[in-house]
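What follows is a group of structures, each given as structure tokens.
Two complexes are shown next, each including subunit A; its partner changes from subunit B in the first to subunit C in the second.
What follows is the complex of A and B.
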């Protein structure tokens, strides 16, 4: 342990000096205001339409979704999303709780939900993809490996540094979104109740497990799940970075896999064995929000297991390959 | 050297703290999703109820709410307005007070059977309390669901079947009207009468017309018991004019058909 700490320190400082983390923060600082502005516009139109009465707006949303349920042109698998949405909105209305109470905290919750599958993984890849491959393309890997340290320790120190930054990225995404959206929507809303525990049984919505948690607890859970997903993505990117010499190639490979995941979740409900792919299981926050899983038979436990197995296998491959391979030019 | 040491310390400590926090959130989330019932320390029970919420609309405006079937929704109108939004536009032309459409709760395929339970929803009741004009269109699907089989080649309903349907559905219409009046006794309630969309079909003209006439009579009887209730007649608009005023689906009005219904509604409003 004593000999690994300096290595981690070394990796961390390298990471900061390469300014990758600053880029991530900068991307967040640039993009969040754009989303905030879009959200502000939506809130404005609603205010005009419904006299700023959210109850009327929610009730109209229920009717609109009921109408699309009647339409023969809406595919069956989309209907279950609508069914559960209608039930959720009715539940919020009955308890007189605004599901979209304006506020920085509520915005952040929505933002984290939307960012979970593509945006945050992208930020993770920004630091994970070149963590090994850049040492090879620049040749510095020889300097690293000529030191009297075991190869697995070198790799482990990189992995630990990476995981440290994964946690930092997830937390910064929350903090930046909260700070910026709070300027517009206010910094309140930590104690607003959020309902969770909706389940879909066939075409009925099971309300027996529904309970309210304060919004801060909801966001904590949400970030925890995003963190787990991010670790999986980080480990996969880590493996690709070990296997592929060029940083650009390793980014492209990971991006392609992630985008394939978004496409698959939109169309793969007929191909049920797709549920064993990691990219279909990334949207863990769905289980919290009660959105139906893209493929029949997926549960939180299942997705966590799939992600854990993918992460473990990619770690195994990374360490085996890295300790065995010859370092040539 | 000093600065990098400082950097390492900050990042080290903050990332360990972040990791611990996220790990806690993760464990809590897994527990909450997999076993939601078992003693959650942070459950908050909202005690609010929509039945206590006061309406937010102003009494100095026309606040229009529509509910019922596809006619209320405006199906068949190429502009998507339906009689509801057309009525809003027309009413604004003749009234000084601002006219607002609060909500349109028309759902395609809605029947009296389907509408009755929705009136017990607090969300719907809240919307109705916000109205001072309520436009109701219901019953067409009760009567003619069978007749829509005309395209699929199934047997058309006989007069006897239609008549017994009128009997049953009008009882539910009475319950619906009573319930709406109970929720908001002050609002003007306008019921849009039925027409016979099949009066150009030889087999359906007379039985259909008879059944619709019976239905409209029942509807008038029900609505007339309330001071604020009225039935707007649409039967005559479409008789002999189905080609002109019905949409391509041969069931819903088209733009012009909706326009006439809207004008009639406005003529009766105060």
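What follows is the complex of A and C.
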């Protein structure tokens, strides 16, 4: 047995027959309309309030944020975010571009942005967490490993199948969101300009590098970053699945890590070495949008490097453990 | 049952050779020096109580567990160093036949067929026919009974035309008819030249099926040899049904038979339950049974039944370990 292709085929068939992937698609199909409806309501109120003039809405948002800067109750941390937001909004206003142009494409861009750190990783875990542990808890691992195939090949076939499905999830999230939101907001908007390249110096926004890209190009970059983050999460979940026999335990471990990440993002700016943790680096799309990174010294390159190292180490551990361990249960 | 003599046996190809196998888990030696070999066409029994290390040994045979010391060779290839070649000769069921419940029987077989070269759809159909599962093969496995899963497991093991078949407690969960069928099936495979390795904790099972046996207790092999030599060389008992019992007992003692005072300690519960007020249990006395029976009859003792009972596994162990209890 030299070819790995039949093994990948096996893993793909099992993944489909287990119906996990359908569940993921179903979750998207159920949740996206809810978000679309919420967005529709926001658009409606804005229309009533500002007579469909987006400039008024943006000005109002700028004034609201400026007012809150005066308030002593708002923590310094948050003020920084607001100062940056105000400057970005002003930039949009000056260049006469609506930052929230309604449309299926714009909705999808926002949806992907919001889904990147928690929602998409959750969907990935639905398929990644039991990819090895289920074979162990059901005992089929014995059948798998007593065939004349090297253990690393068995594991590699699982990894490749997983990466294929993870990629498919990212694409599905985009497609489903676009198709469903398009029903309500229309399918246009791929060529609307979006500004990117805001550089941050403390709370000052450096506008010299800002340039407009068409929305489709922005979404492409965004999905690329989300894909990279998803691969990292998948490889970590893969490692946990190799190390932990119970699927439930492996989901809990990964969820705890991700939630810890969102909590840390909100409070860890003082603890700078937290930036080496994978979970605070997942929000790669922030760099694209020009939202400040949670911890001083984090850049896009830094985050990509941190994620790549975490992914590589978890692969190393997965393969070492899987090829060496005794199957005792 | 074919019983090759010592010389004939040495001419057969060695399919499985286990040399000084040892396994340490934690600080404990779970398997301590296991050595035996299995030739082609031979049904080899691996007999021991639960927890003796049968399954651990089997897992080392198929590379699920790495031995701490010693080696396992299948058709000349080291299982540990060259699993890709060695395991191509093996079909196995370790403990229960675990298959994917959400796939059909056929899809399961396809799955395992893809893991080995040279297995086509035709071969899958062949093994399905061999285990007679063709009626239900396209149903989901979760609807199968235990017996059907067992058969699917065997079909899976036979896919690669193995030279060695390893079955771990294969009669577990089967009904008497299924057990009988399985025995006939295993014998047929062995007649075709396959080496079959069967583990069991039941002596009777091994006696009925195997040519040779290794007896294992606490991770050590106590004896390896022909089944009949090992079993018949050890204590057997005779149950007599005599009426009147006291007179019969006197005569038996007078002719040198040793009465077992407390038969419940040496017999299987199922046999001991069949004893009644006329039963006398003696140690086996060889040919003199045929001499004693007429004497009993002439003395007016009615002989209703005389039969020989093989020792239980526990008895055999007691003999071999000289009273050291088994755990």
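Heads up, the rule we're going with is that the second predicted complex is superposed on the first by the 327 of 329 C-alpha atoms of A that agree within 3 Å, B and C clash if a C-alpha of one lies under 4 Å from a C-alpha of the other, contacts with A are read in each partner's own complex, and residues count from 1 in each chain.
The rule is simple: contacts are C-beta pairs under 8 Å (C-beta built on N, C-alpha and C of every residue); 3 or more make two chains touch, one makes a residue touch a chain.
On a predicted model such as this, the values are computed, not experimentally measured, just so you know.
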**Request:** Applying the touch criterion given at the start, work out whether A:18 contacts subunit B, subunit C, both or neither, answering first, second, both or neither.
**Result:** second
**Asked** Of the two partner chains, subunit B (first) and subunit C (second), which one does A:289 touch, if any: first, second, both, or neither?
**Response** neither
**Request:** Of the two partners subunit B and subunit C, indicate the one touching more residues belonging to subunit A.
**Result:** B
**Prompt:** Does the superposition put A:63 against subunit B (first), subunit C (second), both, or neither?
**Reply:** first
**Message:** Let me test your reading of the model: by the given contact rule, A:171 touches which partner, first (subunit B), second (subunit C), both or neither?
**Reply:** first
**Prompt:** Once the shared chain is lined up, is A:9 touching subunit B (first), subunit C (second), both, or neither of them?
**Reply:** both
**Prompt:** With the two structures laid over each other on chain A, which partner does A:139 touch: subunit B (first), subunit C (second), both, or neither?
**Reply:** second
**Fill in**
Dual-contact residues of subunit A (subunit B, subunit C) 9, 13
**Prompt:** Which residues of subunit B touch subunit A in the complex?
**Reply:** 4, 7-8, 11-12, 14-16, 18-19, 21-30, 32-34, 36-37, 40, 42-46, 48-50, 52-53, 56-57, 73, 100, 102-109, 121-124, 126-127, 130
**Request:** Please name which positions on subunit A make contact with subunit C in the complex.
**Result:** 1-2, 6-7, 9-10, 13-14, 17-19, 138-140, 142-150, 324, 326-328
**Prompt:** Which residues of subunit C touch subunit A in their complex?
**Reply:** 59, 62-66, 83-88, 90, 92, 94-96, 98-103, 107, 111-112, 114-117, 156, 160
**Request:** Mind listing the subunit A positions that touch subunit B in their complex?
**Result:** 9, 12-13, 16, 50-53, 55-56, 58-60, 62-63, 66-67, 70-71, 89-90, 93-97, 163-165, 167-168, 170-171, 191, 193, 196-197, 209, 211-214, 217, 220-225, 227-228, 287-288, 300-301, 304
